[in-house]
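In what follows, a single structure is set out as structure tokens and then discussed.
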């Protein structure tokens, strides 16, 4: 079972993220760049598939040169090979364009399964995975919380509103994974040393036979115009009711009339 | 000049940080309260390669360097100073001398197990009447056929209660002072070694500190570590690495005090606003952050020098002195920022305060460090 | 058709669900601004009476595709049908609800139809003829403003509860156009759907969250929250201290080191409001805080703050909700 995992490097959102005063982007000073959490789970799942069924795990990443560190993290977790597409012409590419680049890379690899994180914590889009499946012509299931590989067929679980769906998908297929799917391993120190010796194949658009006009900002159908800090929450009222009964009534009235959840 | 960490150092830092945040931090105060040795955590550290950071891969270690070790120590100590102490002894005081002075057989026997975290080692140098003046130790070892027979009492031995292998220093020659000392690898199952009193300490409560009794303790002849009469050389060789480790531990404790203080200062409201808005608090925070950064830089420089194979005795002493005093000072400030809450066990700064103190004492007291530094400048 | 606004319906047997009404409300406004039609696109099988069902909420037209393969959602079926419709009719804007199926289908549809796509949309507006959206990013620490490039079709995957549902106009009906479409056999198959009722309501999906902090004093008192949550159909969460103290498992934790949630209502019980916690829940639409310390920072953020003893208030609140539900 050869598995391809798509990964992205993102700023650690457990640290403060601030918008630049002119709204042109986020302030990248002091940002800690990490492998997207959801992608960690995708790598973990790929490694588990390999442990059970044999085969290889190849990591594919589209991103600037610094993203190589996220790729290296995936290698340190245990992935076998890596391809990193870095090209200045990809600045401003939208998610569909990124998916087209990934499709071009993955189209040249041997695979039975493609895994992606359900979303990247930076732009929070959940677009690349399913779009990539489309470009590769693969069946898909998104946001899966369980994966079982059978003979030419995978059985997955995905949470839907109010329930869990069990879906059978023929392989090869693409899945995007939820964080509930597994507990990712930490890259061990020996793993980090081994990863240091593995080669990351770095490609530009030209190596893939792609033109900036096909996948760069010019080809993008959406564009970020500015960024804003989240709206400041208006402080509401603070009350000191005379009795617990009164307190309960105040809250219930709020739930009914303002929040409308009752 | 390059102050940035390499890619693999950042990865080590991240692994240690995540592990500490997820596996150690949530139970740290409980371990402290229950005086419980973190067996599972130590095993986890071993699986990650953190119990034998510098042990080569061939002996089951991570094959990394002092900088990686210092970074990992800081992260572990940020969550739990006791766990960091356990890790430090195993890495700096047990694996390191076995790697440097052990025979091939000794390395193969001990290092893979110690690096895996399945067992830990301990270090028996100090005696009830030989502390800073370690060369005055009185434990003896005499050869009897194919066995060494050890007699004496060791004091303040970290990890002793749990240890599988004890690095024991004993006097093998008639000569007084440093020259008559040899080092031995004693296993818990060797006859005649036992753990005596478990000390009731101020801090580091999740790690054991014990008396170790050697009563006609018989050890195979091959368990001599290094050459006969050169034990003090073995002991001295651990000093620089050990001090770098404790400096990093101190930085971790100080950082814990800072981070908790920052969180609390932004949240705690007095006189109608968060106390973080008061200059008295701001200055404390600024000073803590500045001193911690200086301590970390000193520590990483010493580690880097050691990795380059350069002499770093002066730098390691400076780092250990400054970082440990920073830890004590920062914990003190932390308790002050928390006010009454800082004095009770519901908040972790109380533990940092107790844990920080030992860093000024073990692996050479602040006074010894100052002696070393002064000697380097004045001799 | 270049000005039409489509709403791909989330429905139960041809009856629009709440999120569809929200999209129809917003869609009506945008269609009017563009002088286009508002079209509800309904995929399913055995669909009846669609005209009034969607017309009364503002749709001008219902485009219905009725096929056995569309009885339940499948990626292949929906993508095939929708992309063919979009390519053929070139609407200006296609609004898709951010539901499990909407998120599954939309990127694929965008890729096949060559439409620009924006997901997690929580605002949509026209500015100098350009269509803009606002969406949360970086775990809600940043809002991004995204513009669609070109004349369309534009695809917007819209979050639930960000727009008010369309008002009902009694007697209004939409014109229904039934489209005959061939639908290929879908490659994947849903073999079972299990209801989540038996499990805890998931924190990240919950509409209402009842969350406890250090003020609960011990694990046994989380039962108070469980009882309230059961009445409200809410999920139970916690801040970090109860997790650290081992009162509740790790997966309860909301905040910097736990989950990020954005329910309609977040009821913070005995939670002081440490920054680490606020990071995980400040995206909540309404925050109700119960705390005995009037200076607790949580009150700075609360839509409704109640100063008092949680051990007295929570049981009364549970009772009150139960009484209300009994009245129907």
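So that you can tell them apart, the chains are marked A, B and C in the order they are listed, and the count of residues begins at 1 in each.
The rule we apply is simple: a contact is a pair of C-beta atoms (placed from the backbone, for glycine too) under 8 Å apart; a residue touches a chain by one contact, two chains touch by 3 or more.
These numbers come from a predicted model, not from an experiment.
Tell me, please, which chain's centre (mean of its C-alpha atoms) is farthest from the centre of subunit A?
Taking each chain's C-alpha mean as its centre, the farthest from subunit A is B.
Which pairing of chains accounts for the highest number of C-beta contacts?
Going pair by pair, the biggest contact count turns up for A-C.
How many Å are there between the centre of subunit A and the centre of subunit B, using C-alpha atoms for each centre?
39
Rounded to the nearest whole Å, what is the centre-to-centre distance of subunit A and subunit C, using the mean of the C-alpha atoms as each centre?
A distance of 20 Å separates the two centres.
With chain centres defined as C-alpha means, what is the inter-centre distance between subunit B and subunit C in Å?
So the centre of subunit B lies 52 Å away from the centre of subunit C.
Return the residues of subunit C touching two or more other chains; collapse runs of consecutive numbers into ranges.
257
So which stretches of subunit A touch two or more other chains?
In subunit A, no residue touches two or more other chains.
Any idea which subunit A residues touch subunit C in the complex?
Contact set of subunit A toward subunit C: 11, 13-14, 16-17, 19, 26, 94-96, 99, 121-131, 133-135, 139-143, 155, 158-170, 173, 220-231, 233-241, 244-245, 247-252, 254-256, 258-262.
Which positions of subunit B touch subunit A when the two form their complex?
Going through subunit B, the ones touching subunit A are 7-8, 10-12, 14-15, 18-19, 47-50, 53, 57, 61-64, 68, 72.
Please give the residue numbers of subunit A that touch subunit B in the complex, ascending.
Against subunit B, subunit A makes touches at 34, 68-69, 72-73, 76, 186-193, 195-196.
Note which residues of subunit C are touching subunit B in the complex, please.
Against subunit B, subunit C makes touches at 243-246, 250, 257, 272-276, 295, 297.
Touching subunit C in the complex: which residues of subunit B?
By the definition above, subunit B touches subunit C via 21, 25-27, 29-30, 263, 266-267, 269, 274.
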